[in-house]
Amino acid sequence: METYVRTIKYEKELDRSFTKEILSIPGCEGLTNCIQCGTCSGTCPVSIYMDYPPRRIIAMVREGFKDEVLSSKTIWLCASCYACTVECPQNIKITDIMYALKRIAMRERRYPKGFPIPILAKAFFDIVSNKGRQTESKLVMNVWLKISLLKILKNSLFGLKLLRKGKLHFKEEKIKDRESLKLLLEEVKK
Amino acid sequence: MDKIKGNGEIRVGVYICHCGTNIAGRVNIKEVVEFASKLPYVVVSREYKYMCSDPGQELIKNDIKELKLNRIVVASCSPHLHEHTFRKACEDAGLNPFNFQMANIREHVSWVTKESKEATEKAKAMVRAAVYRVVFHESLERKSQEINPNVLVIGGGIAGISASLVVADSGKKVYLVEREPSIGGHMAKFDKTFPTLDCASCILTPKMTQVKDHPNIELFTYSEIEEVDGYVGNFKVKIRKRARYVDVEKCVGCYACIEACVYKEGKFPDEFNEGLSKRKPIYIPFPQAVPLAAVIDPATCIQFLSGKCKRSCQQACERGAIDFDMRDEIVEVQVGAIIVATGFKTFDPSRIPQYGYGRYQNVYKSIEIERLVNSSGPTGGEVILRDGRKPQSVGIIHCVGSRDKNYNIWCSRVCCMYSLKLAHLIKERTHAEVYCFYIDMRTPGKGYEEFYHKLMEEGVHFIRGKVAEVTDWAITPEEEGKLVIRVEDTLIGVVRRIPVDMVVLAVGLEPQPDADEIRRLLNISCSKEGWFLERHPKLAPVSTFTDGVFIAGACQGPKDIPDTVAQAEAAAAEALSLIDRKKIELEPNTAWIDEEKCSGCHICIGLCPYSAISYNEERKIAVINEALCKGCGVCVAACPSKAAQQRLFLDDQIYAEIEGALL
Amino acid sequence: MRENRKYFYYPGCSLKGTSLAYEKSLLAVFKYLGFEAPELPDWNCCGATSYMSIDEMSAFSLAVRNLAIAEKEKRDIVAPCSACYMVLNKAKKYVEEYEGVKDVIFKGLEKIGLKEHFKGDVKVRHPLDIFINEIGIENIKAKIKRKLNGVRVFSYYGCLLVRPFTDFDNPRYPTMLDNLVSATGAETIESALKTKCCGGSLTGTLENVGLRLSYLILKEAKRKGAHLIVTVCPLCQFNLEAYQDRMEKIFHDKLGIPVIFFTQILGVAFEIDGKELGFNHSLIYPDILYQKALV
Amino acid sequence: MKDNKFEPKILGIFCNWCTYLAADLAGVSRMDYPSNIRIVRTMCSGRVDPQFVLWGFKNGADGILIGGCHPGDCHYIEGNYKTLRRYLILKRILREMGINEKRLRLEWISASEGEKLQRVVREFTEEIRNLGPISEDRAFKLQLAEHKK
């Protein structure tokens, strides 16, 4: 027998505190001004791959559709090119809202499983937090290790090409005063 | 408070208005009434739901009579709204109207204060200030002045034309000033008007002719306002008649000069056709122009550029109307009222580079399409692209420059409707596929929604979404050579790319770029967007804060033709109502010199912007000519011996008010 | 306002890795033009886009540490990487605009003894801005030794340089890079894609998405007859150049379009040695720039 | 009131044609601002006698805001220029007297600038709140000291 998915939304299933939380984040205050014109989606270079176009994400955040928003691929597909933010006729900083949603999704571990983008973000974060600088080769290896070994094999030729041209090196980049960096990061996280 | 003059017993009545919940919702009225009743000289303190209503005014009138009140304080809204009302009530009850003071506890208190407690405290302070002040008020007489019955109308579009005709038909003299060579404004450029699709020139041209033939209208075209002096009832206006190099009285509009011009073909962008055709240096703006007279553009005419033209135009004119030595002329007129109808300008879409206007030749502004569909336009009414092809698909983009904080935040009100009209006309003329891209379809008006339905039946594609970009970037073979519109179809939730031959940008309306100069000349205000500000958005929509100056049409904000005409006729009625009073009563807030205190130091004389103060050599004192005084009080503030004083703004009154306010 | 502005060069992580050619050519051109900008002492990662996805305040604090170090020496920053440029400017702006951000960041700076050095006066500028508005296009023209007439260039701005915190060019329709490239005598190509996203880090994570975005730009450059693409951003350059053979396979299209940095094309016009300009790192060598016919 | 912070008394003297109307507009637009300000109206800012200011401070104002039309926009042609001149001199006098000159501020706010009015009143109130009561200014301390003798 065919099963039908219920799509009605009851008021009690919505999370209004989620909307409030987003509104309180610097850069997200313009959210409620959205007129649903679709400029963001039309301008976005990757909206065509998204499960919800940015316009709908804004509408859903505004109405407290927390589950749908946090588990969407949209927020991770955002390449943060800021095109929507520049064009939005209501000057809503959509890119900042996407960042805020990514952070909450990470915090609540709600991102799509096995999706490589949050993994890259986390790997990036860890390296920079410790060393103060990024070493691209190390970052790529860390990410690939987490996704699949197969990827390393598949890309080994590519890596060799880059190595030969001096575009890739394995010397670790780091800052000298890592002690104060640690202090700084600890302080602002409080 | 100790300095009260001994002019009899002072009996103050205080009236606190609830203004429904506007004040009472934030201010604890009972507390304020109680507080007021204990202030010095207060005999009675009352509250009422709406003080400005008849029963509210009756309350005051009765108290004046029965309790022998001789000072009144009303705490309600801004004096700009109802000071007049309450002064009148005092007068009706036999009290001199200037023994009244208003405390503004709505605009300045309840509407701007969040906390009820704070609002109540502030209201008390404002009431106290008013009571302290009113004690020092005295009876004053209003002076009256005769009103000049002539009316100046600035702007000769449909608003200015309509207003002029109403005023002139009542037998009053009208000076109509238009800066272009012909009257008619934007409306003269349109082919059809929405939603009735009646021909714009069929309804406009007769009105233009009426203006020309009306014995009471003196028309100044190609002219601008240079200077405005004076005040309500007695304005002196200088008009600059720009040299048109053709005598309008002699010219009969026979086109002989234009045919004779050394330029065989038009070479310069034709302003009336939005640059879609070319004109010669000597030209008649359009065949129905009023006045139907040629004009020479000195920026392109060889005679003006080099002084070495054959002047074949001059030779061709049998009536000798062409005069290369013509100079600008300043004409001075006197009027009692001024109607401003300076209209709007269309948004320049090249400010939005992603729509490609100016880069892609098949991207048009809507006003250009108005000329294309016009049977007297550059293509004789045929809708064709610049290369002569007939478009097979056309995209009309709404809200260009409107509803967008990057450009203009307001809705321009007319674009949805004129876009529907253009969609209909384009479809009718070309049978092209027409796409309308809108954010919200706004069709409030008689027959407007019905027109929208008609267009849906005609098969126009309505796509809800603000267009992201128009490019020549072809991804698929079908898109090659086309303009591609990229937009989210928000009702479906999918991004679409739609290739079209022609893009029409429905540009919004903006204030005239020089609206600010007119504002300064007339001493009126503009909203922060630059539209002229009406005295009250609902109750005084065509008046301004400057008495005797009225506004009509799109210079006050975007509006369509019916609304413009309605407003123009309203402005005309206001102007007539003012003029027919014959006399005007002036606010008695003029300054005078206390002769005993004046030391003859001359300080005030140089300060007066109206040269109302002179020096009496004999008595060695300054003298103020009250007929010239406008009541600013600059001399009063400067007088070192306190000899200069201003009625209604006496030092004692202001000191008392300050003392009272600082509760 | 400080007179005679002095600068620090802020490389960012990419210019020490995949985009060594950018660093080499930039420094070579700076040297040639007599523009001094020593490397910012002990600079750290700007926080970039990924960091912002994890923790906002940490991301801002990373950026501001760099700003504070520069301000301590009363110097401004030149940031050649578009992402660094945008992130540093954004952090500065948010500290200015949001009390909440400012309080937290200043607390952090206090902890590491930089608070008193940071007032927010430091400017973060892109070399393109420096070339156009500090050095001046006329001065650059005067120093050109080799005119690149006949070279058709697709000048590609990418996204982050012009959006959204830039004040030196129109974010919707920038022209500064075109102006600079034209100064070399090369011809620039008008295109709606000059500010479109190259795919950014998506190319590394969601290959099919990222590669398509890059491919569309290359395809448009080819369609408009470009000899080469000139860019201002390390990631754009990498995405557009390094994956071309892979794109050729996926999209069945012949590409082979050189993608170089704007500092490299300037360097060629200044006749700086190709090795100094980092052309040894090129995967697709821009032969066209060295063809004899040009001279 | 809030946090037991010092709540200053602020006097606003606004011209009838611009700033008073801006305050009306702020009201109509429901732009809230601190309730500390009490507004008194004159026809022109040029009517503001320096003694009004001194009288205001004497009667307990901790800050005084004068509002007029933008330069060139005065309803009475150039009254606001005269205000500006007097304001500059008055500031010097206040300084001499030992009153913090920041307690007096002149702003040009046109009839359409409700937002500016809101912003200026908010800023000014906050500034005066931080300055503390006028009784702590030197002039008043001296006066008090005199008094005790």
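Each chain carries a letter (A, B, C and D) given by its place in the written order, and its residues are counted from 1.
Heads up, the rule we're going with is that a contact is a pair of C-beta atoms (placed from the backbone, for glycine too) under 8 Å apart; a residue touches a chain by one contact, two chains touch by 3 or more.
Worth saying up front: this structure is predicted, and the values here are computed from it rather than measured.
A.B. asks: Find the two chains joined by the most C-beta pairs in contact, please.
C.D. replies: A-C
A.B. asks: For chain B and chain D, let me know how many angstrom lie between their CA-based centres, rounded off.
C.D. replies: 32
A.B. asks: Using mean CA coordinates as chain centres, what's the chain C-chain D distance in Å?
C.D. replies: 50
A.B. asks: Touching two or more other chains, which residues of chain C qualify?
C.D. replies: Counting only residues that touch two or more other chains, chain C contributes 172.
A.B. asks: For chain A, jot down the residues that touch at least 2 other chains.
C.D. replies: Where chain A meets two or more other chains at a single residue, that happens at 87.
A.B. asks: Where in chain B do residues touch two or more of the other chains?
C.D. replies: Only 354, 469 qualify.
A.B. asks: Can you name every chain pair that touches?
C.D. replies: Listed in label order, the chain pairs in contact are A-B, A-C, B-C, B-D.
A.B. asks: For chain B, which residues count as touching chain A in their complex?
C.D. replies: Residues 354, 399, 403-406, 439-440, 464-469, 486-490, 493-495 of chain B touch chain A in their complex.
A.B. asks: Which stretch or stretches of chain A touch chain B in the complex?
C.D. replies: Checking each residue of chain A against chain B gives 35-44, 47-48, 52-53, 55-56, 87, 89-91.
A.B. asks: Of all residues in chain C, which touch chain A in the complex?
C.D. replies: Within the complex, chain C touches chain A at residues 13-14, 16-20, 42-45, 47-58, 60-62, 65, 86, 94, 97-98, 100-101, 104-105, 107-109, 111-113, 159-160, 163-164, 171-172, 195-197, 199-202, 204-206, 209, 213, 238, 242, 246, 280-283.
A.B. asks: Give the list of chain B residues in touch with chain D in this complex.
C.D. replies: These residues of chain B touch chain D: 78-80, 104, 106-109, 111-115, 118-119, 121-122, 125-126, 129, 520, 523, 525-528, 533, 545-546, 589, 607, 609-610, 630-634, 636-638, 646, 649, 651, 654-655, 657-659, 661-663.
A.B. asks: Quick one: which bits of chain B touch chain C in the complex? Just the residue numbers, please.
C.D. replies: Contact set of chain B toward chain C: 352-354, 356, 359, 469, 471-475.
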